[in-house]
Amino acid sequence: MQIPKQASGVYVIAPTPFNADGSVDYGSIDRLTDFYAGSGVAGTTVLGQLGEAPKLEQAEALQVASRFIQRSKTPTIVGVSAPGFAAMRVLARDAMEAGAAGVMIAPPNTLRTDDQIVGYFAQAAAAIGADVPFVIQDYPLTFTVVMTPSVIRRIVNDNPSCVMLKHEDWPGLEKISALREWESKGEMRPISILCGNGGLFLDFEVERGANGAMTGYCFPDMLVELVRLSTQGERDRAHDLFDAHLPLLRYEQQPGVGLAVRKYVLMRRGLLACDAQRKPAAVMSAKAREEVDFLLARLARKDARARL
Amino acid sequence: MQIPKQASGVYVIAPTPFNADGSVDYGSIDRLTDFYAGSGVAGTTVLGQLGEAPKLEQAEALQVASRFIQRSKTPTIVGVSAPGFAAMRVLARDAMEAGAAGVMIAPPNTLRTDDQIVGYFAQAAAAIGADVPFVIQDYPLTFTVVMTPSVIRRIVNDNPSCVMLKHEDWPGLEKISALREWESKGEMRPISILCGNGGLFLDFEVERGANGAMTGYCFPDMLVELVRLSTQGERDRAHDLFDAHLPLLRYEQQPGVGLAVRKYVLMRRGLLACDAQRKPAAVMSAKAREEVDFLLARLARKDARARL
Amino acid sequence: MQIPKQASGVYVIAPTPFNADGSVDYGSIDRLTDFYAGSGVAGTTVLGQLGEAPKLEQAEALQVASRFIQRSKTPTIVGVSAPGFAAMRVLARDAMEAGAAGVMIAPPNTLRTDDQIVGYFAQAAAAIGADVPFVIQDYPLTFTVVMTPSVIRRIVNDNPSCVMLKHEDWPGLEKISALREWESKGEMRPISILCGNGGLFLDFEVERGANGAMTGYCFPDMLVELVRLSTQGERDRAHDLFDAHLPLLRYEQQPGVGLAVRKYVLMRRGLLACDAQRKPAAVMSAKAREEVDFLLARLARKDARARL
Amino acid sequence: MQIPKQASGVYVIAPTPFNADGSVDYGSIDRLTDFYAGSGVAGTTVLGQLGEAPKLEQAEALQVASRFIQRSKTPTIVGVSAPGFAAMRVLARDAMEAGAAGVMIAPPNTLRTDDQIVGYFAQAAAAIGADVPFVIQDYPLTFTVVMTPSVIRRIVNDNPSCVMLKHEDWPGLEKISALREWESKGEMRPISILCGNGGLFLDFEVERGANGAMTGYCFPDMLVELVRLSTQGERDRAHDLFDAHLPLLRYEQQPGVGLAVRKYVLMRRGLLACDAQRKPAAVMSAKAREEVDFLLARLARKDARARL
């Protein structure tokens, strides 16, 4: 099962569950996967930044990806960003063999010029093979690589195996509009645009033409509903739902700390047995946990489905 | 009038108003200043990033600062960040002579090590003179200079003229807690901490011990009320107010575009005659203006005082 | 006197001489200028990085530039890089009025994409006025802005007032070849290429098609001779001369420390009364001075004209 | 055989030889290793930046390292820098089991503050195990991580398994002096300091107290002789030798292109069967090859032992 053309809806970014001793908690992978399915997500992305991929050994990484893939009935995208094309190719080929629907590639933070970025994705596409669908991850806040809309267009038009943009530029609304306009004029091959950045602008991103979200917010069920409402033109209801979640969503979207918050909430929701991360890890203070509990309590009063 | 010890409340960051032809609109400076006073702000900060300072000639910069200072009954802080200490010293001395309460200094984005940062502020303090109170601007997202809590402690303890931290690290809640703990243990001289970063975490920052806000959000009246409620322990009312504004506040906090949004809203509020910026400027698309109008309409339904 | 078309030879980068008390030493400006003339330089560049420009007040900067201009019989280029176009325009107009031959502009280190760089130079050219000839400074090691050959071509072709490239990319030999090839094919308007980077590759840069050097190496007389020999095809004699100077030239080309070394040698050559810098300044240790003395002694044995 | 205490002399950085089809050329590994032994090097470092480590699959990397280790009679240091501690630990343990003398660790380019750098090396040391000797690679030009002398002192004093500094800060002479002074005062545990940076300052680095070199310059025999002469106080002879090689050494020290130059010269010396690199690779133009040939011819006239 490969990533469908013009994939839409929510591809949830899954964390990698660990036991308190640092071993992978495969039971929680199954529980998470089933929960995602029940939430109506269109797919899952594993081994991303959120998935603590660099903390896994090569064999572990494949095992984690495979477990998600086997349990899931929707497409699974596997993050294969690596410091070199050798490691990228191995993980991509292994993941596809294990049943992945495609892979996601982030540019290394040493790239600067337009040509360097376009050249990198051409080489990456060649390394993994033209038969492997890939997703561009465009996240300048973390990677410090700035891709203009025209760079993305070049990558898309040059590489038929590029099927999706994980859009998390900031600000990014005009970028969505620019890409969609080029598509409508036939100047760019149409691709799926799913938005990350913690979902912080998802309310407007769908209105601008995004197909949905790819993020790890701890209430993916809300994201699914939001995309549905927005796509159906129920603008105020979509924003009402979004606004109810925005205080927590914003709290989660703190660089570094965000993963700890997400694992904590997923644990409180009963989906992770434990919120442990492997080192190095930003740890939540007691005060931060209290703040999240406070936000969860407030959220439960605004969105009944968000009650724990 | 110098910055008071342990200044608290809201120091609003003022934009520099321009006419459509690019000349400074002094009438709007007066109108803004009177509005700020009526909003209950504790002070004003001018010639910051938001104030388009680098687009002003040296003489203009002083004229703009002076106009704010003369019209205002509360302290005015003047941004004096510059590529060299010569320009910084001139503007700082001129601004103080014109009645400024103090100056704000951001570190140049070439600094890397702890010692470089500490050394820079020592040299800056010497350059402007020990009699000029100064504010540290700690904004790694824009300046790429990362100051640990212990670096801030060194700057504060080394320089008696350092009176305030403009805190806009992200994430930053634990930094406030760390600094306050050192103060309570007598390991750091107490200073005022006012929070920027568009106010995106102001709801929790005050709870963590911040004295208030220093940001340019287009509803400073809300910020004043929020700080008051939070300081008085009205936690849920403070968060209710904050949450009502969060969708717009988040929209404003987009790097680059934010200034255009703020000038647009201030124009719609009748405070600026024109939302023009000098070049180079990020311009709002028609779609973006519609989105802000939509957010303003939604806000007006939640917070009656925010009706235009 | 404006920068001539296809300017060639050596434009020496001049330091700003200070007295021990930090005041500008105008007598040494005159002495330096006369020495440069005697060395056969084709022009002088002032207020560059080496000129400690950010440590000068605005009025001082203009006075320093004017003194060089008035004393000199060859063209003087004035560095006008600034954090904003307002300051850049003022200094550029004032310098041209004082008799400058043109100005030099470095890109701010926040630029990333090709379009950002091209857009910046278009706005800068508009700000200073189309009648002011300007030089692009391409120095990624210091500014972290990477300009591909095609970005430079776009700037040159878009802006008729762009007359010269100060080339100091590293590595940069292929860039010279690429630009010269485009010029020969008529794809790029011909401009002057003078090489900086301390002269570290000047031996080959002239062979690749550069018109000469723009750098502050403390023996500009050698640079003049090297460009002459190389242009006349005396390859081995050119390299012999270059190689004799390379140990000292390499020592000077240390980021940060280089200026101190240059001022020290110029003082030892009797051209500066004092090697003082304004703060902040990297200072030479006693050991470093001994090393430079050692290199000077060795150099004097290899190049008789380099005897102090 | 572990890295000896206060290791001195030359640890040559070895490239990874490839055949034209991209496969590893094990025969050339043997030839290189034997040549290094004949040159008098004290040890070898493999899988560094120069070794194209990220282009090797995990199993290949270990095979390459093992081949060097088995053939060599001197200590081999293995580069284990990786985006995560999981991959670093696996490679470090495997390499040590295969007979490595220690490992080398470069900081990831996302580190900024002193505490982040110190914390990173503490975690890395814990990950690979306290029984594995490690080398700090301090190369800000490439990694953008700036380590002050006091940061290095903290790492050394905190981690008994830290046995060596690969020093390639630029400028860096004062750093060597500062570290040696602390050692002599008993404020820092003595370690070996070997200098990289292509050897561009090796003439003075040994005089400042460095124990030798760790670099991949294509005439390691010269480096060995230089360290010997300098250590024995033959200052002028050491500099004469160094100066003869400086033009080529400087040419090799171009970021990105340097590896191509080194492989080309090693091929011309008969040590590599082929100068192929795996992609992505900077390729030498015909003009660049001619320039290197020219430098080699000139070198041969100055240093008889450098004749090909």
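Structural remarks
Letters A, B, C and D mark the chains as written, and numbering starts fresh at 1 in each.
Heads up, the rule we're going with is that a contact is a pair of C-beta atoms (placed from the backbone, for glycine too) under 8 Å apart; a residue touches a chain by one contact, two chains touch by 3 or more.
Here the structure is a predicted model, which means the values were calculated and not measured.
Any chain that touches subunit A and also touches subunit B is listed here: C, D. Seen from the C-alpha centroid of subunit B, the farthest chain centroid is that of D. Between subunit A and subunit D, two chains of identical sequence, the interface residue sets overlap for the most part, with shared numbers making up over half of the total. One finds 39 Å separating the Cα centroids of subunit A and subunit D.
Per-chain CA centroids place subunit B at a distance of 48 Å from subunit D. Between the CA-based centres of subunit C and subunit D the separation comes to 33 Å, rounded to the whole angstrom.
In subunit D, no residue reaches two or more other chains under the touch definition.
Within the complex, the subunit A residues that touch subunit C are 112-116, 146-148, 150-151.
Residues 53-58, 60, 82-87, 90, 109-110, 119-120, 123, 278-280 of subunit D are the ones that touch subunit A when the two sit in their complex.
Against subunit D, the residues of subunit C that register as touching in their complex are 170-171, 173-174, 177, 200-201, 203-204, 207-208, 235-236, 239, 242-243, 246-247, 250-251, 254-257, 285, 287-288, 291, 294, 298.
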